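Letters A, B, C, D and E name the chains as they come in the text, with residue numbers starting at 1 for each one.
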Amino acid sequence: MNQILTYSVYGSAILVMLIGIYAVLTKKNLIKIVIGLSIMDSGFNLLLVALGYIKGGTAPIFSPAVAGKDVLMVDPVPQALVLTAIVIGFGVTAVALSLVIRLYRKHNTIKIDEIKTLKW
Amino acid sequence: MKKLVIISLLLVLGYSLMNTFSDIEFGKKREGISSYFLEHSPDDLQVANTVTAIVVSFRGFDTLGEVTVLFLAATAMGTILFRRRSKHTGLNPQRKSPQASRIVQAAGKLLFPAIMILGAYVFIHGHLTPGGGFQGGAIIATGFLLLLISYRQFKVEHKYVTWIESLAGLSFVTIGLLGMILGPHNSFLENFLNVGSLNDLLSGGVIALVYIAVGFKVGAELTGILDTLINIRETGDID
Amino acid sequence: MIGAAIYAIITKDLIFATIGTSLISLALSVIFYLLHAPDVALTEAAIGVALSTIVFVIAVRNTKRYEED
Amino acid sequence: MVANPILYIALPLFTAFLVPLLAKLWKPLVRIVPGLVLAYLAIMSVVLMQQVSPEKPIIAMIAGWKAPWGINLVFTSFSGFIASLISILAFFIWLYSFGFKKVEFDDAQKYFILFMLLTAGSIGVVLTGDIFNMFVFIEITSLSAYALTAFYKGRDGAEAAFKFLLIGSFSSIMLLLGIAILYTYTGTLNMAHLALLMPQVPMHAKITSFLLFFVALGIEAEMFPLNGWAPDAYSQAPGPIAASFAGILAKAGIYALIRVSYTIFDLGDHGGFELLLVMGLITMVVSELVAMRQENLRRMLAYSSMGQMGLIMIAFGLGTKEGIYAGLFIMFNHAVIKSLLFLASAYLVYYTSRKKISDLDGFGKLLPLTSLLFGLGAFAIVGLPPFSGFWSKLSLLIATANSHMEFVLATVLAVSVIEIIYYFRVLGRLYFRKAHKEIKVRKPTWNSVVTMIVLALVIIAVGVHPDFITGLLHNAATDLADKADYIQKIIPDLFSQTLN
Amino acid sequence: MNSLIILLFILGGGALLSYFAFLSKHAFGQAVVWLVAIASPVYFFTQVAVGESFSFSLGGFELALGFNHYSWVFALLIMVLSPLSLIYSTGYMKSRLRLGTFYFSFIFSIFGMMGILMSRDLVSLFIFWEIMTWASYLLVIYRGKDVEHTGIKYMIFSAVGAYSMFMAIVILNREMHSFDIATVIQNFGNMNAADQWLTGILLLIGFAVKSAVMPLHVWAPGAYTNTPTSFTAVFSGGLSKMGVYGIGLVLLNLYSHSDFSQVGIYLAWLGAITAVMATFRAVFQNDAKKLLAYSSVAQLGYIVAGIGLGTELSVFAGIYLAILHGAFKGTLFMAVGAVERQAGTTDMTKISGLIKNMPWTFFAALVAIIALAGIPPVGGFVGKWMLYEAAINSEHMFLVILIFISSTAAFLYSFRFLFGLFLGQQEEETAHIKEAPAVMVVPMILLSLFLVLMGTFPGIIFKPIAAGMAELGFQGVPWHMSVLYNMWGDSVNLTYVSITFGTVFLLGLVYITLIARKGTKHKLSTKDIHTAGEIPKPEDNLNYSLDFYKPFERVLSPLLKHKLDVYYNEFGKGLEALFNFMRRIYTGNGQTYALYVVVFLVALILLSGRIFGI
């Protein structure tokens, strides 16, 4: 049971990541590429949170309800990391999209293989 | 053909990642620094939300970095889209796109204060309940987003955004530097206030303050980013 | 979620693709909640579902809506 | 308090947040205040470098938490050396861009914000003792680098920045994966603690994680074939930014790579170093050969820069203390010399709106000082005495020879010949050709002249009397080579527990 | 302070000073150059001596300076030749463009040469070697002619040479744990044979490039021709001798006690072949400077042959010829430079009969040519004789033949040089040419007098050479070996021979100037040539110097058809194509770059088993 859960949770997270990478590597559209990057990040976030999950744990908050009791809590560190990762990912996505807009204004296309003034 | 190659590459990659992670049993408790956090967050810091304690205190530096990343993203977008911050005031009559419907406008008007309050609540209570500076800030930004969408002539006053984001950022760093002067270990971002008691609003010492600063900062930052993007057509003298 | 991801990358209409990513985030947010990570869930909901999507939409509006081959 | 490694990060961030407000007070402050801060950091570097020794690193806690629980900034002889190098170089690059007439006020504001953050991020990468924190700083560095690459309107900066971003995103996701693997197996994020717990990580996870780190940081360190972004970014960014890419960004990248492969992982002697060596060799050969055929001066410099990075990787890939010493020496030289070349080339190329090498005929007469300094830089970078580049090349070759790697030795030298050819081709054009016609050139401003002359003086001073820095380099090499010592200095309690 | 350091300081400081002085005012610059030209030899001859040493530590290396008797011989040459050329060039350099660079590089390359000679360890040797190389490179491309070809070719070959030296040096260091030359000599035997051969060959390549030995000589003619002539004098006369010095050092000193010294004989062969080929090429040059350039390569070939043979006499001859060649080739280049400056060209088919216009220059050139051709009153004869003798004694008969052929052919170009430029009938176009200014003529004359002096009192140069040979491990006074010496008995030395010849020569000169001058009264146009019915057009060059040795050229044409140059060029082109191909890796498409990242990662993962050995 646990084995299946392990494989399915991690597997789906990795699969989402791979789908993202696939989009980045094959799609010609710049926005699609950025979407791919963001999917990639989502996959990773899922993976990291899942890694921190502890069966039977509660959210790592010492609310009055749990105060004083000895409770098992899920690992808070991955959550903190994912928090950071999400925000950073958003920042990168925003910058990427503004670059896409600028590229579109300049080249009037958002196909990546038509934008290669700089080469060799 | 190319796609096939790529897919096979990705399969190899996926296999090796899976191979690595499948050894880690899902949902199993592991040893590590997190137990220390779970122990010290309520005891030393009197912070109920351990994630907040980690984000703000144990790994406060990361948060500073994060806030910086957002600030950086806002600045970067301004640079990339050649946005002139100072010249941009007042309404813009040349706006071509149609107004949003009345319903949306009314809903926006109604929801905006509620969203604002929610956002403020979230970041003020960051050390007690789930949520905190980032979440609250993001919620506030959504509120502004609503206004930006529903009222076409709505303008975010850049002066204020700039002031808020700068002051919030400065207060974050200043709190950190004060920690170097006042804190018991003289280290950056160190708590120098009374930590209060667990599950009080005024607990956690500087953590609450930092998260409020973060909330303002993130809210201003995200609003700025959205505003930059929404208004590029008018201001964007992009080559 | 995987379905949303696949949809997001195969659809030619970028607005729909954007909605696909938004769906991913939504699903992710729920999963985070289920994994006892309310902080992350909240963040993902606010940033991933709302802000990210809107940023994508704006970008699409400023460029081209449809992907061409 | 006055001299604390934290200030390397805190002050630039503070300034960056402050700049928009300063703009409202008095506009010149936007230019001046960053300079003052950087000057302070540069002075602080000198002070700290005198305090630090391999036996006594300076460790700064954040929020009063000791390692491995809190994030620490670790200013050792090694990291401190790189951080000092970066901060001092940043000051000079600021000085160079101080005049910067081409940029309007509003842009200047953003320029300095981004530059401060680039500097802070890079120093953060170098100083931090925590691996996730390093990731955050790498992101800060990369984001500001993307924005700065796309800074100028008229150029194809956006294209370069997008490529950079695309590859940079891969870098960050791999870095995150690597961190995730390490965290799940060890439960810690502190580098020293990771290094301590590394033996308990199963081999295949260790290798996957190492490879992910290797590729991710290889992107930052411009390793072939991951360096597609580099020539574009270097050639499209503003001159001083290209200089800081070479002197600051790439240094942070290679530092992270070195730190990961030397300190965190224990794979070095089991193939990690060989991998680094081989990749360095390939990077160097390919980049230098490609540089040979460039028509665009800035691209040529960019490829040459990548070649130098390869050289650094070779040096560190030897895995001996001599190799580390040589690698550090090359890093130092590359930072100073390449900066000089990029700064000088800004006047040669862009202010005249000429990009091709063949357009440079006769510039020696039109811009005598700039051309002279460029020439000096070219002499130094190819390793001719009496300039500083020679000593680093000598130490690298000695280290290579002592590791019994004749093939590497021969390749490095053969590639050096190619390097000489393409640099001297440019020099020949600059000096010994007649100018095409009357070209309007732009005279360097006083501040850029001062910057370039200072860099040139450093090159000559180190070239004539290398003992100025060999002591520091030796300390740094000693420091990096002794991994156990690093762990012990940072987490003494846990270290002694493990021993018992 | 140590006198060696002061000498280096005079040269190095002088170089920098001259650069800045020329930036401010021309006269200042000239003054500095004069100062250096006078101060450095004066200081050298009065204060510096063999045996002084100076050791210091730099960058973690223990470095040592100091002359030994062997390097002293070469130092003498440099310190005579270079200051004279410096003074000469104050007159020679007409254009004031980039004079600062010119003198800086000039003086700096002298600095480099002196440094090489006083280096007692391999690191400082290499440092000075590189300094000398780049300084001379700046002079090669100074005129801006042919920068892409000649300049780059010179730099490539120099760099290849220097770096192979570099490699050898670091490998030696690995084995010896020291850069000190004395230590290397001492412990050399302890090295394994493979390393001995490797380092030996690499070092030889390094030095052979500078002395233009056969497959590595292609840079030389072009570089010698393109350099401003006042420096060519030093370049060909002094700088190339550094290669000779190095070969001597390697073969006779470092490696003398190992099997490796067998290589010497092959080097001798190469030298001899170089001599023959270059001589043939020299014969057919129309340009006087080019002719001298090829002749330099040829002469260096002899010298290398001499040193390569490795017997006492041959080494002695080699060193002696090296010194002599420095002096006479210096003089010749100076003479050509004077002609170049006054007539505007060195093309022998354009000018002729300059003897009347430029008698002093002619005199200097004549003396030098006599030395070159090896005619008794001047030293060249002795050198050649000893070389023949050594070659014959070594029983490599074919080598003797080669050397003999080349020295015979040298007569051809010697004659052509003299005849083409100075003798023959004067043409109207060249009638207005005047003698070069005194600053140029005086150094030339001084140098030619030095040549005469060396021929007349060979002791002044034989003694230092003998001392130098002793340093290399050849005991005794080598010229005793010579048949020449024995024939004249112990008490007779060359002074008498020279005086006799000199007197005859002077009488002849007096006869020519006083009496025979009246000889040719009737004036014929040099262009009045039979054209077999065809009417010569004005653009046809009908000077008699054109195709001077046409029939001979026809005979040799199959031999001369193959130029090594061509092969090198083809090789270069192939490389360029390869590089162009490699450029395509950077396609410009961001996605491709991203793909590289993934491919690279996957490749590493797949190979991880091999990389990490599990």
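In this text, a contact is a pair of C-beta atoms (placed from the backbone, for glycine too) under 8 Å apart; a residue touches a chain by one contact, two chains touch by 3 or more.
Just so we're clear, the structure is a prediction, and the values are computed from it rather than from any experiment.
Chemist: For chain C and chain D, which third chains touch each of them?
Modeler: Both chain C and chain D are touched by A, B, going by the contact rule given at the top.
Chemist: Spell out the chains that contact chain A while also contacting chain B.
Modeler: Chains in contact with chain A as well as chain B: C, D, E.
Chemist: Of all the chains, which has the CA centre nearest the overall CA centre?
Modeler: Closest to the centre of all protein C-alpha atoms: chain D.
Chemist: Write down the chain pair with more C-beta contact pairs when A-D is set against A-E.
Modeler: Counting C-beta pairs in contact for A-D and A-E gives the edge to A-D.
Chemist: Per the centroid of Cα atoms for each chain, what is the distance between chain A and chain C, given in Å?
Modeler: 11
Chemist: Where the CA atoms of chain B average out and where those of chain D average out, how many Å apart are those spots?
Modeler: Here the centre of chain D sits 30 Å away from the centre of chain B.
Chemist: Cα centroid separation between chain B and chain E, in whole Å?
Modeler: 73
Chemist: Averaging only over C-alpha atoms, locate the centres of chain D and chain E and give their separation in whole Å.
Modeler: Chain D and chain E have C-alpha centres separated by 43 Å.
Chemist: For chain C, write out the residues touching at least two other chains, lowest number first.
Modeler: Within chain C, residues 37-40, 43, 47, 51, 55, 58-59, 62 contact more than one other chain.
Chemist: If a residue has to touch 2 or more other chains to count, which residues of chain E qualify?
Modeler: Counting only residues that touch two or more other chains, chain E contributes 583, 586, 588, 590-591, 594-595, 598-599, 601, 605.
Chemist: Mind pulling the residue numbers of chain D that touch at least two other chains?
Modeler: Residues 132, 136, 139, 143, 146-147, 150, 158-159, 161-162, 166, 170, 177, 183-184, 189, 208, 231-232, 290, 293 of chain D touch two or more partner chains.
Chemist: Applying that definition of touch, give me each pair of chains that meets it.
Modeler: Every touching chain pair, ordered by label, is A-B, A-C, A-D, A-E, B-C, B-D, B-E, D-E.
Chemist: Could you list, by residue number, the parts of chain B that touch chain D in their complex?
Modeler: 16-17, 19-21, 23-24, 30-34, 36-37, 40, 57-62, 64-66, 68-69, 71-73, 75-76, 78-80, 82, 84-87, 162-163, 165-167, 169-170, 173-174, 176-177, 179-181, 183-191, 239
Chemist: Which stretch or stretches of chain B touch chain E in the complex?
Modeler: So the residues of chain B touching chain E come out as 6, 9-10, 12-13, 16.
Chemist: Would you tell me which residues of chain D are touching chain A in their complex?
Modeler: 132, 136, 139, 143, 146-147, 150, 156, 158-162, 165-166, 168-170, 172-173, 176-177, 179-180, 183-184, 189, 231-232, 235-236, 290, 293-294
Chemist: Taking the complex as given, what residues does chain A use to touch chain D?
Modeler: Per the stated touch rule, the residues are 17, 24, 30, 33, 37, 40-41, 44, 47-48, 51, 77-78, 81, 84-85, 88, 91-92, 95-96, 99-100, 102-103, 106, 115-118, 120.
Chemist: Using the touch rule from the top, collect the residues of chain E that touch chain B in their complex.
Modeler: Of all residues in chain E, those touching chain B are 595, 598-599, 601-602, 605-606.
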